[in-house]
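Provided herewith is a single structure, encoded as structure tokens, for subsequent inquiry.
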Amino acid sequence: MNTRGLLEAILFVAEEPVAAPELAQVLEVPVAQVVDELTAWARDLEQRHAGFVLREIAGGWRLYSNPGAAAYLERFAASPGASRLSQAALETLAVVAYRQPVSRGQVSEIRGVDCERTMRTLERYGLIAEVGIAPGPGSPILYGSTELFLEKLGLNRLSDLPPLAEHVPPADVVEALERPFRPEASSSESTN
Amino acid sequence: MNTRGLLEAILFVAEEPVAAPELAQVLEVPVAQVVDELTAWARDLEQRHAGFVLREIAGGWRLYSNPGAAAYLERFAASPGASRLSQAALETLAVVAYRQPVSRGQVSEIRGVDCERTMRTLERYGLIAEVGIAPGPGSPILYGSTELFLEKLGLNRLSDLPPLAEHVPPADVVEALERPFRPEASSSESTN
Amino acid sequence: MSYEVKTEVFEGPLDLLLTLITQHKVTVTDLSLTDLVSEYVAYLDRIAHLDMEITSEFLLIAATLIQLKARFLLPDDEPIDIDEELALMEERDRLLARLLACATFKDVAAVLGHRLGANQQFLPRTLGLDMDFPDTLPEVHIRVDARGLARLADLAFAPPEIDPDLDHLALDLPSVPDAIDDLRTRMAGMMRSEFDRMISHCDTTLEVAAYFLALLELARWGIVGVNQDHRDAPIMLTYEGTP
């Protein structure tokens, strides 16, 4: 079996993304060759509209079913993916992902609500995890996102997250947010 | 995606052999066409010494890793990335460790998902093992943790496991979990 | 006894403020601080039973809003305490910064949610090595230590659907509507009083805050008249009767 075949065999059984250097070590070939083979294979699969695709994700490579077949797969796949996260869980996840390492208190402060429950849910889903202890009073636990988080979002690395700056509300919204807090705004009141 | 692609996708995610008539029904094509496609695909894989093979087995079709890659798969299995336990497996392991002896059904009930596969994986890795049979209907097998489990966690004995201090389940949850095993069952519940 | 743990629509005071403001951006041209404060307080009235932490956060922000409103309503020729003014503006800027951060994370959360959803269409193979693969037991790596395992067990035994904090909920939290009723009844009986006397029975700051909010409402409705000679003077209340 050639290198391509062996890579197919390994990624066929792999249960999470496998990094190219690890594959190179198992196969005793240069990392560059592994990367070349994988890149070519991924392109082949894409070009012939195969039933599965090869993606570089969470710092490694993994095979996935082709999303085009999703409608047909419901009956055959054991795990239809994590249940949908609530809005609160998504917002908490966003704060942890962008502010990590971050303590529960800091997350709660940013969101304006206590986030213990949602953070526990996210931890249970394996999307966030304890990553350290903050120095200082109370030594709060610090949280960060996990590799599974990257995989579930289809990202290769954390820096692939959409830049937060792009999501700051546009000028007109900022303007609307500020308006009630400006002294001029209340001058035109005639009631009371 | 054509029929071949859809067949690839289905057999890629299927966890058990799938019969040709079932595939034909899902894809809404004649059984004969499905069989032709599968036969051709199996031959293709064989001819190009692919990393996985398609076999007709137990009245259905299923993909297997190519036995020719066995030596490398073993090496891969021993590599650090391969044999890391998934989040689901870790949680299942935690439940078995703290609730042993425990049946598969009880573990599934606690986790809220079917744990058959993760428990088989853990058993295969030698981290949990059958420790007895529960009395009562169905005589379910009871599982517990192994010596290897203690060794891997660097513990001398089970009682060295850290106590579950943080989130002791509320009394009503414990009650609900234990109820089916108590003869007097739900006779005297009338709180609130 | 029944109580609500979650607010009807809003998740916390920032979420509420954000919604009130952005809703108005669509419907009305300008939202004045006065309207914002009354809508905020009106909402506060409806969520009488919340856990302590959320309630105090709600009240804290209400206090800031009311302070701001009071300041803006001052006539221009009124002398201003610079330190107080600065502190108040700092508080306002902090609130605005929090609102902005909250809006930003809400926006990006939607993107993450979308990505999560789209990626669920990609199914990985989860079978791993074929079960009939050679008997050799590969060396398994447990990537957590004993403490980590205990943590996982904790999480598994306390599923997120069940709120273990219910037991510690203080159920007799200060209710603004109750405070309004109480204040109104007692004021009707004595016609004139000081605010300090009306709250002499309160044990906690939260209760005082509830009474203060109640007082603002009663004043707004014209049921109670409020007068304070100077900043440190007692707040004098007069009963004006039903409007």
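Residue numbering begins at 1 within each chain, and the chains themselves are lettered A, B and C in the order written.
As a convention for this text, a contact is a pair of C-beta atoms (placed from the backbone, for glycine too) under 8 Å apart; a residue touches a chain by one contact, two chains touch by 3 or more.
Since this is a predicted model, take the numbers as computed values, not measurements.
Peer 1: Measuring from CA centroids, which chain ends up nearest the centre of the complete protein set?
Peer 2: Most central by this criterion: A.
Peer 1: Measuring between Cα centroids, what's the chain most distant from chain C?
Peer 2: B
Peer 1: With chain centres taken as the means of their Cα atoms, state the distance from chain B to chain C in Å.
Peer 2: Roughly 44 Å separates the two chain centres.
Peer 1: Whole-Å distance, chain A centre to chain B centre, using C-alpha means?
Peer 2: Chain A and chain B have C-alpha centres separated by 25 Å.
Peer 1: Distance from the CA centroid of chain A to that of chain C, rounded to the nearest Å?
Peer 2: The answer is 29 Å.
Peer 1: By the touch rule stated above, which residues of chain A touch at least two different other chains?
Peer 2: 12-15, 63, 65, 73, 77-78, 120, 124
Peer 1: Could you list which residues of chain C touch at least two other chains?
Peer 2: 123, 125-130, 151, 155-156, 158-159
Peer 1: Which residues of chain B touch chain A once you look at their complex with the stated criterion?
Peer 2: The contact residues of chain B facing chain A are 1-2, 4-15, 18, 26-27, 48-52, 63, 65-66, 68-69, 72-73, 75-76, 79-82, 84, 86-87, 91, 117, 167.
Peer 1: Could you please specify the touching residues of chain A with respect to chain C in the complex?
Peer 2: 12-15, 53, 55, 62-65, 67, 70, 73, 77-82, 84-85, 87-88, 90-91, 93-95, 97-98, 110-114, 116-118, 120-121, 123-124, 130, 152-155, 162, 164, 167-169, 172-174, 176-181, 183, 185-189, 191-192
Peer 1: Applying the document's contact rule, which stretches of chain C touch chain A when the two form their complex?
Peer 2: Touching chain A from chain C are residues 11-15, 18, 21-22, 24-25, 30-36, 51, 53-54, 57, 68-69, 71-73, 92, 95-96, 98-113, 115-130, 148, 151, 155-156, 158-160, 163, 165, 220.
Peer 1: Given the complex with chain B, which residues does chain C contribute to the contact?
Peer 2: Counting only chain C, the residues touching chain B are 123, 125-131, 133-134, 136-147, 149-159, 162, 164, 166-167.
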